[in-house]
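Next come two complexes, and both contain chain A; in the first it sits with chain B, in the second with chain C.
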Partner chain A sequence: MLISIKDLHAKVEGSPILNGINLEIKPGEIHAIMGPNGSGKSTLAKVIAGHPDYEVTEGNIEYSINGALSDVAELEASERACEGIFLGFQYPIEIPGVTNITFMQEAFNALCEHQGADTMNEDSFRTFIKTKLPLLEMHEDFLDRAVNEGFSGGEKKKNEILQMLILNPRLALLDETDSGLDIDALKTVAKGVNTLKSKHNGIVLVTHYQRLLDYIEPDFVHVLFDGKIIKTGDKSLALELEEKGYDWLTEGLQ
Partner chain B sequence: MAINETQYSIDKLDPSVLPQRGNESWKYTRLDHLLENQYHSVQLATNINTLSLSDENYYLVNINEEGLEHNLPSSVEIDSLQNNKFENTPFNNDIATHLTQANNKMGYQFSVVKNSSLDKPIMIKYDFKNKLAYINLHNEFIVNSGSKLEVFEDFSSSVNVFVNYMAKPTVESNANFNHVIIQDTKYGSLFLHSYDGKVLSNGTLDSMVINLGAKLSRSNVYINLADENASCSAHGLYALHRDQHHDTSSYIHHSMPHTYSFQLYKGIMDDESHGVFTGKVRVEKDAQLITAEQLNKNLLLSNKAKVNSRPQLEIYADDVKCAHGSTTGQMSEDELFYFESRGIKKEKARGILARAFAYDVVLKQKNLTMRSEIINHLIQKNIVRA
Partner chain C sequence: MSDEIEKRINEDYKWGFETNIEMEEFPKGLNEDIVRLISKKNNEPEWLLDFRLNAYKKWLTMKMPDWTYFKIPDIDFQDLYYYAKPKSEAGEGPKSLDDLDPELLATFEKLGIPLIEQKRISGVAIDVVFDSVSLGTTWKDDLLKSGVVFCSISEAIVDYPELVKKYLGRVVPTSDNFYAALNSAVFTDGSFVYIPKGVTCPMDLSTYFRINAKETGQFERTLIIAEEGSYVNYLEGCTAPQRDENQLHAAIVEIVAMDDAEVKYSTVQNWYAGDKDGVGGIYNFVTKRGLCKGRNSKISWTQVEAGSAITWKYPSCILQGDYSEGAFYSVALTNNKMLADTGTKMIHIGKNTKSTIISKGISADDSENVYRGEVKIMPGADNARNYSQCDSMLIGDKCSANTFPYIDVQNPSGTIEHEASTSKISADQLFYLQSRGIDPEKAISLIVNGFCKEVFKTLPLEFSVEAVKLIEMKLENSVG
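And now, the complex of A and B:
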């Protein structure tokens, strides 16, 4: 088991958002999470990543560390990241004054330090990161610009995937990485995600659209509504949702 | 402007000459503890000696209680100034300049001959060694027409001092002056600094004032764009911690048409420190087609730190481009979480963000030698990491 979430309740600024989530992910699996806006998808991803604003009130998250499942409650976000949990943000923010390459090098070296490996200087890191750029059709200029500053929506999402490939996480939580992408950018992003995919790591795709799932095939599709998973199926569920929307599932639930 | 000198002697300072409540320019800064008189007046010697030492990056000038020594080339002339007269600028009716006038009026004039430029900047290091010395000093920089000058003034001190320093640059037509003043005196010092700049036609003054040290410091920056096509940049950084207090009062005076000013002042306040910024831009009635930009940004690193920021525009011309803004805030939690979600610890993330904030100003310094000098000070002060 890679991660096991049991009866997870969480609130933010006093209001409950997650109301009993159960989810288990094994290494090698791809899970898609769908659901109407405001149902708690981003919240779930942030709670797993350890965002300090979100308070877990009941239940727990256990994550595989050194071969054993451990409760992550006591781990700060940065520690979770070093243990291989990666959050690709729905809205990646801009960080003026910090170049993309510095940001990624700091992240990469934090991981190296955590693993007791040698850190990389800027030159060797640049050489390393340059090998990842063609796959995402990104120009080297992006490395020397401030993080996400002036990036288009698609470029921001590609930049998230670039970070993911650099950090090579065991659990990637990709929050609407496909939103706002044109078809070419979508294919590029999917290629990046499929590059990460292996029998060792798990991927969670939060998405509204079936079309991403044409390129990245999920093993499970979950529907999140009002802070709970109300239905789980295989990839055909995504097609059904595309056709019928969510009403047939949510009627009478609220 | 005559002042009664006896009222300003540091031993028997008359309380009525200190900025009073109701004095808008000193609204947030009290000087009352000058009355406690812990300082003793120190008269600087007026010797000018040659320095045999040389440095590959700078021409050197050392100024301390014993006088001045230097290795400047012959294109820069130095004179000692005594009993200097002050022009009546709108800015110098102030406690700092009154103290300079009333006290030992000691200083130097640096003047660059016409149409010359130095192959490297001048580093002026002030090293005052008398504990609790009260030092009045004023220097003039005359950049004659067609010349280029770069000066880095470094006020560091290993003892607590009270320095009242006035810098008076005059940039003649078609001349360029790149001027950095860094104040990194010992915590516990008091530093008053006045800047009385004048720029003539097609001249450019780039001034940068960095305040890091002293318990209480004030930078009073006045620049008069006194002829057409004069331009200036006036940038500043103050980085404070503990209970440090810094007050920058900037006044850019567009006296003539087609003049241009650019200001970026940034403050980083930690612990219980207090930053004050007042930025006045005055555009005279006939000063059409000018550009004036002013931005003040403050970063509060603790809940107890505070800042007062006041833009003041006095615009009497109608065809002008003026922009001003002021922001104050804490480090954004979203930015910090972005770093943390990538494995970077919160403390490290804070350091990176503080550096990014400060570098915005530092990178305005185009001379790379001078820029790295500033960075070294910031690293030593732990404001940014190496």
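And now, the complex of A and C:
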């Protein structure tokens, strides 16, 4: 088991958002989380990643660390990241004055240090990162621009995927990585995600649209509503949702 | 256990050690006799004694400035030593740095400035000022081969009296302000630079100021003269022991740039800032001013102000020559209970003069950080241009940042642009970096360094590395 979430309740600024999530992910699996706006999809991703504004009020998240499931409640976001949890942001944040390469090198070296591996200097890191750029159809210029500053929507999302490939997480949570992408960019991003996929990694795709799932095939599709998973199926569920919307599932629940 | 705690506290300011060395001091307090003693000690000519005595008389009639944003505590000027010199250096005349008291050599080695010949840093000549005296200057003879004079001001007074007499007090008049008058009366030493016509100084020049003696004020004076078409890059650093009493540092720096000359002056100010409760620390009250006398001359001030309990400092440019340019790049970081009131003045006199001001203030903990700047365009300054950008960043919610820009335009052809912003480090930025494995302290330091980038890139590489490290260290305990 990679992660086991039991009866997870969480609130932000006093309002409950998650109302009892149960979810288990094994290495090698891809899970898609769908659901109407405001159902708690992004919150779930942020809570797993350890966003300090979200308070877990009940239940827990156990994540595999050194081969055993451990409660992550006490781990800060940066510690969770060092243990291999990655959150791809829906709206990547701008950091003025900090170059993309410096940012990624800091992140990469933080992980290396945590794992007791050698860190990389800027030259060798640049050589390493350059090998990842063609896959995402990114130009080297990206590395020397300030993090997400002046990036188009598509560039920001590609940049998230680049970071994911550099950090090689065991659990990647991708929050609406497909939103705001044209079809070419969507394919490129999907290619990046598929590159990460292996029998060791788990991937969670938070998405509104089934079209992403044409390119990244999920093993499970979950429908989140009002902070709970109300239905779980295989990829055919996503097609069904595309056709019928959510009303047939949520009627009578509200 | 307590040793461990003490060690950790001391790590906050690793330059806070004391050198145990026997000192020769003048009696405490300030009066005409002390002024005469200082002058006599330096074998000064009559005109300089008169200069000092005049300044002293003016100072007696002046009051401490009271217009700063925060209250500066009263200082008992009679309770200070105005002259302190290591006894071992009491011999007459300059001697080789290799022959310095081993205690002093060890002190500077510990500060990262090896002085003995075979260990010296190449590419940078350093004048080291310890309390009231310059201990010596590295690479002095080599520089002289290119015609560059780099020595202590006390030596210059003896060896180049005409130059000193011509320029001393011409950019910062003795009556300019309370601390300038005080410095003019009691300055004990400092650095002197003369770059002859057409010479690009073959290496960076630097002065390192160290306060060591207790209850002693440091009053040094720097004079830089850049003749026509010359160029020099000048760097300044400073540290002091960690003590519970406040100590006064009141310096003057004067720069004169002739036609087509360029002077870049960079400071990393790291005086002891007091502890987290605001006990101790240096009062840093400094007057720095450059005169762009010649056509097309350039003077730039870059400062990283990260230390001192109180900073009161406005490195300025008088743009007298047509087409001359002044620049001020500043990062002022305050944390704990530090107070900083700093900025610049750009006085446009010549035609087509240009000035640039980039100020980045970072406030953390309970500190107060003020930018105060004046841009003045005189009636004859046709087509003058100024661009100012003042950004403030707050870390936490108990600190404050204030910006007071004064603009006085007396010529309608002038162009002035002013941009200002205040931001808080956002929780989203922090979370973004943390979600990549970067710990909160490192995350803050990355964001802050990004914020300061435009200023850091104007520093020479080694200084900029040092500045980044310093800011990082300062912020380590300020992350909530």
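What we mean here is this: the second predicted complex is superposed on the first by the 254 of 254 C-alpha atoms of A that agree within 3 Å, B and C clash if a C-alpha of one lies under 4 Å from a C-alpha of the other, contacts with A are read in each partner's own complex, and residues count from 1 in each chain.
In this text, a residue touches a chain if its C-beta (ideal position, glycine included) is under 8 Å from a C-beta of that chain, and two chains touch if they have at least 3 such contacts.
Just so we're clear, the structure is a prediction, and the values are computed from it rather than from any experiment.
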Which superposed partner A:69 touches (first chain B, second chain C, both, neither): neither
First (chain B), second (chain C), both or neither touched by A:106: both
Chain B versus chain C as contact partner of A:239, first or second or both or neither: neither
First, second, both or neither for A:81, with chain B first and chain C second: both
Chain B/chain C common contact set on chain A: 49-53, 76-78, 81-82, 86-87, 89, 92-93, 95-98, 102-104, 106-107, 110-111, 114, 163, 167
Complex contact set, residues of chain C against chain A: 426-429, 431-440, 442-443, 446-447, 449-454
Chain B residues touching chain A - in the complex, by the definition given at the top: 332-335, 337-346, 348, 352-353, 355-357, 359-360
Chain B contact footprint on chain A (complex, rising order): 49-53, 76-78, 81-82, 86-87, 89, 92-93, 95-98, 102-104, 106-107, 110-111, 114, 147, 163, 167
Touching residues (chain side chain A, partner chain C) in the complex: 49-53, 76-78, 80-82, 86-87, 89, 92-93, 95-98, 102-104, 106-107, 110-111, 114, 146, 163, 167
